[in-house]
Amino acid sequence: MSEIRPLRDAVAELIHDGDTVAMEGFTHLIPFAAAHEIIRQRITDLTLVRMTPDVIYDQLIGAGLVRKLVFSWGGNPGVGSLHRFRDAVENGWPRPLELDEHSHAGMANRYVAGASGLPFAVLRGYRGTDLGGRTSTVSTVTCPFTGEELAAVAAVNPDVTVIHAQQADRAGNVRFWGLTGVQKEAALAAKRVLVTVEEVVDAFEPRPGAVVLASWTVDAIAEVPGGAHPSYAAGYSVRDNAHYQAWDAVARDRDAFTAWLDRTFPAQREGAVPA
Amino acid sequence: MTTAATAPSDRSAAPAWSSDELMTVNAARALAAARTCFVGIGLPSTAANLARRTANPDLVLIYESGAIGAKPTRLPLSIGDGELADTADAVVSVPEMFNYWLQGGRIDVGFLGAAQLDRFGNINTTIVDRGPDRPEGRLPGAGGAPEIAANCGEVLIVLRHSPRNMVAALDFRTSVGHGDGVGDRARLGLRGRGPVAVITDLGVLRPSATTSELELTELHPGVTVNQVREATGWPLAVAPEVGVTEPPTADELTALRALKAA
Amino acid sequence: MSEIRPLRDAVAELIHDGDTVAMEGFTHLIPFAAAHEIIRQRITDLTLVRMTPDVIYDQLIGAGLVRKLVFSWGGNPGVGSLHRFRDAVENGWPRPLELDEHSHAGMANRYVAGASGLPFAVLRGYRGTDLGGRTSTVSTVTCPFTGEELAAVAAVNPDVTVIHAQQADRAGNVRFWGLTGVQKEAALAAKRVLVTVEEVVDAFEPRPGAVVLASWTVDAIAEVPGGAHPSYAAGYSVRDNAHYQAWDAVARDRDAFTAWLDRTFPAQREGAVPA
Amino acid sequence: MTTAATAPSDRSAAPAWSSDELMTVNAARALAAARTCFVGIGLPSTAANLARRTANPDLVLIYESGAIGAKPTRLPLSIGDGELADTADAVVSVPEMFNYWLQGGRIDVGFLGAAQLDRFGNINTTIVDRGPDRPEGRLPGAGGAPEIAANCGEVLIVLRHSPRNMVAALDFRTSVGHGDGVGDRARLGLRGRGPVAVITDLGVLRPSATTSELELTELHPGVTVNQVREATGWPLAVAPEVGVTEPPTADELTALRALKAA
């Protein structure tokens, strides 16, 4: 049964060093505030799972908290590269980054299998590509009816899934709408679920296209207005495309990134001597 | 096409269009007969949105973020901009999009970009050899492309023509075009026809019916075969008859520029 | 692209003798009017697919139009037996009825596989039961990652799926809400799709929980207000439970059923001598 | 339980409750500690709705038609009555219900009826031998039961006690209880604990910890062990200590009768 509580406490209780964490939201509703709280608390050695690592994981990777990345498309959407991701993969800075790399269809089905209590999912994918040669989580199965060979992907079951939603009600039910992505599957696949929300309302008004997660499927809810910025929450904000574009310059350079980190999370460097 | 002649004849002025505009306009035209198009972000999205404003107003745009029948009024920066959902006929989850809609074989045309392309239309968007220090330079990775390439009725590819992009051997095969040649798609169990056209800023390549190897079939106005050969990283096959694409019409250019300015 | 047309023409064009037909709707939105049009046109030798055959298939079976039934629960919900179904299975009246019998989970996943362009689906089911021994559409697959053995069910891809929806718009898009069952999957799994609707509207108003089928996924739409009766269409009607209860007496007796058939579809018996 | 004594002591009047009411009230009590219950129609639905009005107001009722957290004001006739969706916390598709919710292992208690039950709690709802003419007399079939029995945390079974229902050998095994005995569920890869109680109009049977065979553990007030033996189609095991269930309270009876009258 979900509890409504401060973000700091929820992150501290639910996310631990070494956890496998999925922070989902397909361009829309990306839980940036929760990721920043992870940086603030220096929770580390994480295996991060996300279809599109996006700027949110670029920041966590650059902060040195990530051991392994499970993903399917690692760019800054509409802008270009994720430079911190590239620097970690290509140069091991600030630490080496292990990859488990898939296609979108494969990742989506890995979450579906996880949410469905199955060890794997079947899809038409990967055939003829080099993707399967680099991961142990793609294999094949043969259809027992037609003899056709299809791709199999291993289920993903994160220790924790974190999502951002527009609303929770007082009973702790969660609701999000617009582009709803793979969040329902990511939440239902996880052992623990943390949801940040734009607001807590007394009761939900009818809302087309809304996905509801009943309170008994969620562990903690934190009210964090704007918690998806620079991503957005339909009905509350619009995507801050300028911020995404500006991130390119910040992330491209290690010094610029480190300065951003120091500026944004001063507490973690409090022991450092001022330059 | 009624107004097009005014532009190219005006040789004293600056070029009436850029090579990128040539590429985009021709990519949009390639969608004239499609009912549904699975749209990647960037050049494909620009071309598909231009097609809705010119050659094919009824074209159904499908974005992997879950928007079916999106009708954006301006070019989205990402495949998940809010306007895609707001204007869509239906919004579905990402697993449903990939399983029921793409894998279900419901999409006529998949529209892809590429970092590297080989002579059989295979695509690399994963890693490139950046020299001895960085043999595995990172690109963003696969995204939706492998299954778009496998499951759409046919595939259009749009990219800028250069020896760095059009390579003899991919550093990584992210998405299958025609594999190792004719018959390879069937052998792999891939259901769509694969790439039917590669539209670049220099012209158009199409797979040979007998070998599935891409050959130059059309040049953009003012481009020579030699220019294309030099911009291609493998010995380029050239069709017996090479056509010239129609210059952009004034309507096409106006629509494209309005789209990019919005 | 869907066309809005009279039900008689749509049924005549889309449904043929010998077809495999799925008429779905999980208690809610059952397309009774379309089934009655099939009886009126005496379209026969059908293989019918439906999770819950319900009174709709009891009528088609009793009318002698059905060769084979693919299903998972064949009762009159909340009332008792489907007597025409029982009579056909137990006594071959009015003709023998071949069965392909599954569980709900299996049937739902057979539709999912059909909609997904896959030849089969995987589930945790059937293990230890006698169900698999009576059908060729259940088998097993082994997970390539864990070695666990799971059930596999063959995809269902009907020639025609028929559903009832609350609304279509002028562009031929279809929308239904409330308990939406397995209709999206059944429609997307089929070669041809016929939808009856309560009404055609100029444009859809926002509506929570609505499933939309784009016009290019539907072949024909027929406006048939009340076309789900004695099932119901949320927002338009309520389930006619009394009718379901009364059906028990009609269906229990061959003569009573035949009288109902004669009374309801007089045209097909027009050559008969009045009693 | 404070008011219960008034009823059974009034022996001169008609029975204060029916045997069906005893069964239903005890079935509702068995849900006192559950968070979520997957509810079949008929007796299970009556008992689960009674539990929400008595022992467990927060019980989350889940119907296979897609309603999660339904709060019907009257007993639905079918699992798809409109009120289930109207009062639910969430409505999902049928495939999602079976895959994400049931198979996903999210449901504490599955509540099933049975046409035939054997000593290991296995269920038949498919075919029964109706004699030489009809060796395969039809029942409705499996519905959701096989996967409810396989995947819920535990299973409650409610049925009327008779030798026709409680049989030595099932004519067909539709849903697995404890299979062929202890350890069989694990061998079959079934994840839940299986049947933990069979609640009938005569008493309650529970599986033995050592053999998984059902044994009589409680009698309803006024019922004898011999009555239960005679109503059971196999040599019934009886627990060393057989309890007596608490008589229905006035609150329970009032709630049940209001529910059935609505």
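Which chain is which? They are A, B, C and D, in the order written, and residues in each are numbered from 1.
Here is the rule we go by: a residue touches a chain if its C-beta (ideal position, glycine included) is under 8 Å from a C-beta of that chain, and two chains touch if they have at least 3 such contacts.
These numbers were taken from a predicted model, which means no experiment stands behind them.
Visitor: Could you give the separation in Å between the centres of chain A and chain B, each centre being the mean of its C-alpha atoms?
Guide: 29
Visitor: Could you state the distance in Å from the CA-based centre of chain A to that of chain D?
Guide: Result: the chain centres lie 42 Å from each other.
Visitor: Quick one: which residues in chain D touch 2 or more of the other chains?
Guide: Within chain D, the residues that touch at least two other chains are 99, 103, 151, 191.
Visitor: For chain C, jot down the residues that touch at least 2 other chains.
Guide: Residue numbers touching two or more other chains: 112, 117-118, 123-124, 148, 184-185, 209.
Visitor: What pattern do the touching chains form: line, ring, star, complete or other?
Guide: other
Visitor: Dump the list of chain pairs that touch, please.
Guide: The complete list of chain pairs in contact reads A-B, A-C, A-D, B-C, C-D.
Visitor: List the residues on chain D that touch chain C in their complex, please.
Guide: 41-42, 64-67, 76-82, 84-86, 91, 93-95, 98-99, 102-103, 126, 130, 134, 136-147, 150-151, 172-176, 179, 184, 188-191
Visitor: Chain C touches which residues of chain B in the complex?
Guide: 35-36, 60, 68-69, 89-90, 99-100, 103-106, 151, 191
Visitor: Can you list the residues on chain C that touch chain A in the complex?
Guide: 117-124, 137, 139-146, 148, 150, 152, 154, 206-210
Visitor: Flag every residue of chain A that touches chain B in the complex, lowest number first.
Guide: For this pair, the touching residues of chain A are 26-28, 51-52, 71-75, 77-79, 81-82, 85-86, 89-90, 101-105, 108-109, 111-112, 123-131, 148-149, 178-182, 184-185, 209, 211, 232, 234, 238-239, 241, 244.
Visitor: Which residues of chain C touch chain B once you look at their complex with the stated criterion?
Guide: Chain C residues touching chain B: 1, 112, 115-118, 173, 184-185, 188, 212-214, 216-217.
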